[in-house]
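Both complexes shown next keep chain A, but they swap its partner, so chain B is in the first and chain C is in the second.
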Partner chain A sequence: MYPIIILSLAGILSMFIGAYKLKKLALPAVLVATLAAFVSNFLPQNLHDAPVYSGMLKFDSFAVNFSAVLMGITLVILILSRRYYRDNHEHLGDIYALFLFSVVGGMIMVGSYNLVMFFVGLEILSIPLYILATSERNNLLSNEAGLKYFLMGSFITVFLLLGMVLIYGMSGSFDFGAISAYLSSTPETPVLVKLGVMLIMIAFIFKISAAPFHFWAPDVYQGSPAVIMVFMSTVAKTAAFGGFLRFLTQAIAPIGDSFTPLLAVLSALTITIGNLMALNQNNLKRLLAFSSIANAGYVMLALVGLGVNSSSTVLYYMLVYSIANVITIAVYLTVKESLGSGSIDGLKGLYQSKPLLTFCLVLAMLSLAGIPPLAGFIGKYAVFVEALHNGYAWLVVLAALNSAIGIFYYFRVMRTAFQNAEEGPVTVPYVLGYSTVLVICTLVLLVLGIFPNVVLNGW
Partner chain B sequence: MEKSIFDTVPLEQFIILSLILFCIGMVGVLRRRNMIVVFMSIELMLNAVNLLAVAFSAHRGDPSGQVFVFFVMVVAAAEVALGLAILMMIYRNVKSVDINALKQLKW
Partner chain C sequence: MLTTLLLFIPILGGFLLTLIPGTNSTRWQALLLSLVAAALSVYMASSFVPTGGVQFEAQSEWLPMLGIGYHVGADGISMVMLLLTNLLSPLIFLSTVKHDIANRGLFYGLMLIMQGAMTGVFVAQDLFLYYIFWELALIPAYFLVLLWGSGQHRKTAMKFFIYTLVGSLLMLVAIIFLSQQWSPASFDISNVYKVSLSPEAETFVLLSFMLAYAIKIPVFPFHTWQPDTYTQAPTAGTMLLSGIMLKMGLYSMIRWVLPVAPNALQEHGPWMIWLMVIGIAYASVIAIQQKDLKRLFAYSSIAHVGLIAAGILTASTEGLTGSMLQMFAHGVNAIGLFYICAILMERTQTNEIAQLGGIRNIAPWFATTYFVVLLGSVALPLTNGFPGEFMLLSSLFKQNWVWSLVAGSGVILGAVYMFKSYQGVMLGETKVSAFPDLDIWDKAVLVPIVIAIVLMGLFPDLITRIAQPSIEQLLQSL
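Our next item is the complex of A and B:
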């Protein structure tokens, strides 16, 4: 729990920095705090196998590993945001504070051992995101994105609450351990508990933007500022997966099997919808949104075949997916800065002017498409194996077919980058802020592809 | 000890009342086009959940349900504050509180 404390304090500090108009200090302070939190996460004193704080949080290796990934991705996105907010945004301190609070919420969620904490964590994660999505006040697209996200998010939260209260009413406790004990001691699960779990699942499906609650994702991702969009599609999603996995394995493990058929159907639906809709997109952010829907479906395969390795598989897949996403957005921002276009056609002529940038983009796309020997392939392979353990061969076949559709639109982006621009070679200058991120992420992606066991069998 | 309403009215009736309130709120969110009314409907749903939590808590003689209600209230207050801020910002930009006033993001 050290990272939670450090980042909360850093968030408050960042707000004071904003209030005293010391904008130049905001990013260094936030970066140092995130690094400190990242390091303190691995201290042996941080790891507790028993619940702490009156059974509210449990910082076992699951929570520590998920927190590490959440903070790592945030670190990269913060570096990305230095250049993005170069025009001296008037509320820079507040924006960084909201980033940090959101990560704190995610860490509370993955470390929760009580439904109350789970709920509070989810809200601490979401509320800053609502504000961040609307942070471009005079941009109507950003306004609309924020409004949609907020309305749907708070509507779905109520279902989550109803589900929690129903489980509490039947089991008499919010504690994960007590709920699990109650469920294994009752031979027949009451219908209200099943309804409650179903309602919590609705909230989870919304948060990871899986079908049939995926409609908000393309709109919100397209309308939000790019840095916020990449934060939503990586950190918030990873936290949602971690939190739900936690709930599934710790609280309702005795009856978890009765929900796998439902998860399998939803996963099949999500993969198909995400891939088919992505085929026809011209806006790169919107394409990434549908690709993120499809990827959420792949990760759900690991939840379908819930086993000992599921946690590490989910974590590995989300890490690889997040890094590829950050690379794509960094390339997008570099190109957009000089051309001002958000469509895929804006990438035309990229290879002529900047082969290295194209190399990074190709690597990210190949990884997202799941081409061996890149990290994305290993992640997909691992989730397929997980689903096969539980005998869902039809689902794996469907997912593999969908990967082929995925190749189609990921390759379209790559092909556009290699095409010649009509008006001659365009000049896209390297931008230091984005290039740093590109170098870091590309290296991490390659290392993860060559040594997947660093994460996959890490605990 | 004084008799409370939870001793005389059976638990089932509280569950039914909360679910009815919840459904009224849900219909409000799905049918109404005025953002303020939508916020109010979400509040109604939240309070239906709160009522259910309190009823379960009194029925079991366990205080944690009532503590949960406080958490929900705090979060609901934060959400409404934020929602009204977003509403104000949008009203300044488009001079309308209709949900369909902003329709640029599609396909």
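Our next item is the complex of A and C:
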């Protein structure tokens, strides 16, 4: 829980930076804090196998590993944001504070051992995102995105609360361990508990933008500032998956199996909708939104075949997916700055002017499309195997066919980058931070593809 | 260790080359890397002891959680393919050096990665590793067609990629299925060979593997991507595709299909062979009508590899030995033929047979080398095409004489269209205004090919000596 403490403090301090007009300091300070939190996460004292704080949090290896990924990706996104917010002199400190609070919420979620804490984590994660989505104040789309996200999100919260109340009412406790003990001691699960789990699942499905609650994602992703969008589709999603996985394995493990058919159907639906809708998108952010829906569906395969390796599989998949997404958005940002458009055609001529950038984009796209030997392939393979263990062969075949559909739109992005631009090559200003982030991300992607055991070792 | 080196020198070297912007010296660096690999493979072949077993083995854990290991090694069959890959690659690189290619770093880097990936397919002793290399070879091929192709190459590249990927995905499903027969899952070749399957499961595995290979080779009726891709890819890409890459499919039939699904093959083999021999005749008939030389060679390639595939499916010593010989011969000949196309294109800006003619009168070197490659391709005795083709036809004859009749007609038609095209391009009145004879770089590519054609025709034993024991062992274990 050290990272939670460090980042909460850093967030509060960051708000003061705004008040004292020390904007130049904001980003370095936030980066240092995140880095410190990242390092402290790996301290042996940080790891407790028993619940702490009156059984509210349990910082076991599951929580530590998920937190590490959450903070790692946030670190990268923060570096990317430097450029993005360079003109926004007014609320810089607040924006960074919101970023940090959101990550703290995510870490509370993946570390929670109590339904109340789970709820608190989810809200701390979400509320900053509602604000951040509208942070481009003069952009109508950004305002719309924030409002949409907020309305839908708070509506879904009601479901979550109702589900928690139902479970509490039957089991008499919010504690994961107590709920689990109650469930294994009751021979027949009460309908109300099942209903409660279902309602919580609805909130989860909304958060990861899986079908049938995915409709908000394309609009919100397209409207939000790119940096926020990538934060939502990577960090927030990873946290949601981690939190739900935790709930599934620790609180309702005894009856977890009865929900797999439902998850399987939803996963099939999500993968198919995401891939088919992505085929015809011309806006890169919108395409990424549908791709993110499809990928949520793939990760759900691991939940369908819940086994000992599921946690590391989910984490590996989300990490790889997040890195590829961050790379794509970083490329998009550089191109957008010079072209002022979010259309895929804006990538034309990229190879002529920026071969290195194109190289990173190509690897990211190949990884997203799941082409061996890139990390995305190993991730897909691992989730397929998880689902197969539980006997869902039809689902795996469907998912495999869908990944063939994915080739079409991921390759379209890639191909466009190699097309010659009609009006000469686009000029992309050279930015040190971006290139460094890109190269590091690409290297990590390659290393994860060749040595997946780093993450994928079934802790 | 040697195998690992042979594998990763081109892959890592190629990867580095793609990163740095190309300069004039890039081509020499690439050539040097491929020569190193060639020297290494020759050294391995010379120290190879022709027994049945796997040599130069390397094995270590890679992904124990999923039952995947890094396990490479070469038996006689792999050894021949290694020689083919790594001896032909320098020639392919050499064929490009005199041209000014855009984005050199990327071009040569991709070619090297492809060389390494193909080597990987031939040495992988772990089914998952094999699949990874199989797909890794596809990515550079896609980019070679996409970025340096001509004509409608964007569409063609996509068609090629999707076509082959769909086949591979089904193969992947079969691979996962095979690995799950063990608990915990295992992809290692020794375990994969030991799997015992129910008849239905075996049929499923056979069909999904064969579909992937039929597309890759390509065998009638899955060949529709091939003529476009061969015609529109850059010459070096076509050489890699036809000379080496399609052998991945043929080799995989020997390595994986025969041992894993022998019973299903006995049941379904006959209609597959029927398809293949019909494909030979079909492709030959189409080849006769082609007006474009490169397209003609593309169709003739379908006919040749169809015969090899049919011979492999007979699962006889003769068929397999013939296929090894013919794979090598076809690789050498295909590179020669497509290089000849490139020379014609470079000097006359056309591959249209009707617009060419009488070149023999002004370019004797070119005429002679073209003629020798042509003789090898039509399988004249004492050239490299003859022993392999003879054994393949004979293996077909022993199982069903009608097969050899249909396939043999393809061979005869092959002579017809090859000589007709030679007549059109080289003989008659001289239609081209000027045609400089082979320069030093052309000779550097074509002379080794001519030597190989004659040498292999005289001493087919060079190849069979390496492969024979492994083939016999493989067939005994069925």
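As a working rule, the second predicted complex is superposed on the first by the 456 of 459 C-alpha atoms of A that agree within 3 Å, B and C clash if a C-alpha of one lies under 4 Å from a C-alpha of the other, contacts with A are read in each partner's own complex, and residues count from 1 in each chain.
Convention: a residue touches a chain if its C-beta (ideal position, glycine included) is under 8 Å from a C-beta of that chain, and two chains touch if they have at least 3 such contacts.
Bear in mind that the values here come from a model prediction, so they are computed numbers and not experimental data.
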Clash or fit, chain B versus chain C on superposed chain A: fit
Vertex chain A angle, Cα centres of chain C and chain B, expressed to the nearest 10 degrees: 150
First, second, both or neither for A:G172, with chain B first and chain C second: first
Which superposed partner A:P355 touches (first chain B, second chain C, both, neither): second
Touched partner set for A:L141, first chain B, second chain C, both or neither: first
Partner chain(s) touched by A:V385 [first = chain B, second = chain C, both, neither]: second
Chain B versus chain C as contact partner of A:P372, first or second or both or neither: second
First (chain B), second (chain C), both or neither touched by A:I407: second
Which superposed partner A:L443 touches (first chain B, second chain C, both, neither): neither
Partner chain(s) touched by A:I5 [first = chain B, second = chain C, both, neither]: neither
After fitting on chain A: smallest Cα gap, chain B-chain C, Å: 26
Complex interface listing, chain B residues touching chain A: 15, 22, 25, 29, 35, 38, 42, 45-46, 48-49, 52-53, 56, 59-60, 62, 64-65, 67-68, 71-72, 75, 78-79, 82-83, 86, 89-90, 93-94, 99, 102-106
Sites on chain C touched by chain A in the complex: 18-19, 21, 62-66, 103, 106, 131-132, 135-136, 139, 146-147, 154, 158, 161-162, 165-166, 169, 172-173, 176, 180, 185
Residues of chain A touching chain C in the complex: 309, 312, 351, 355-356, 359, 366, 371-373, 377-378, 381-382, 384-385, 388, 396-397, 400-401, 403-404, 407-408, 411, 415, 418, 452-453, 456-458
Touch list for chain A against partner chain B, complex: 116, 119-120, 123, 127, 130-131, 134, 137-138, 140-141, 143-148, 150-151, 154-155, 157-158, 161-162, 164-166, 168-169, 172-174, 218-219, 222-223
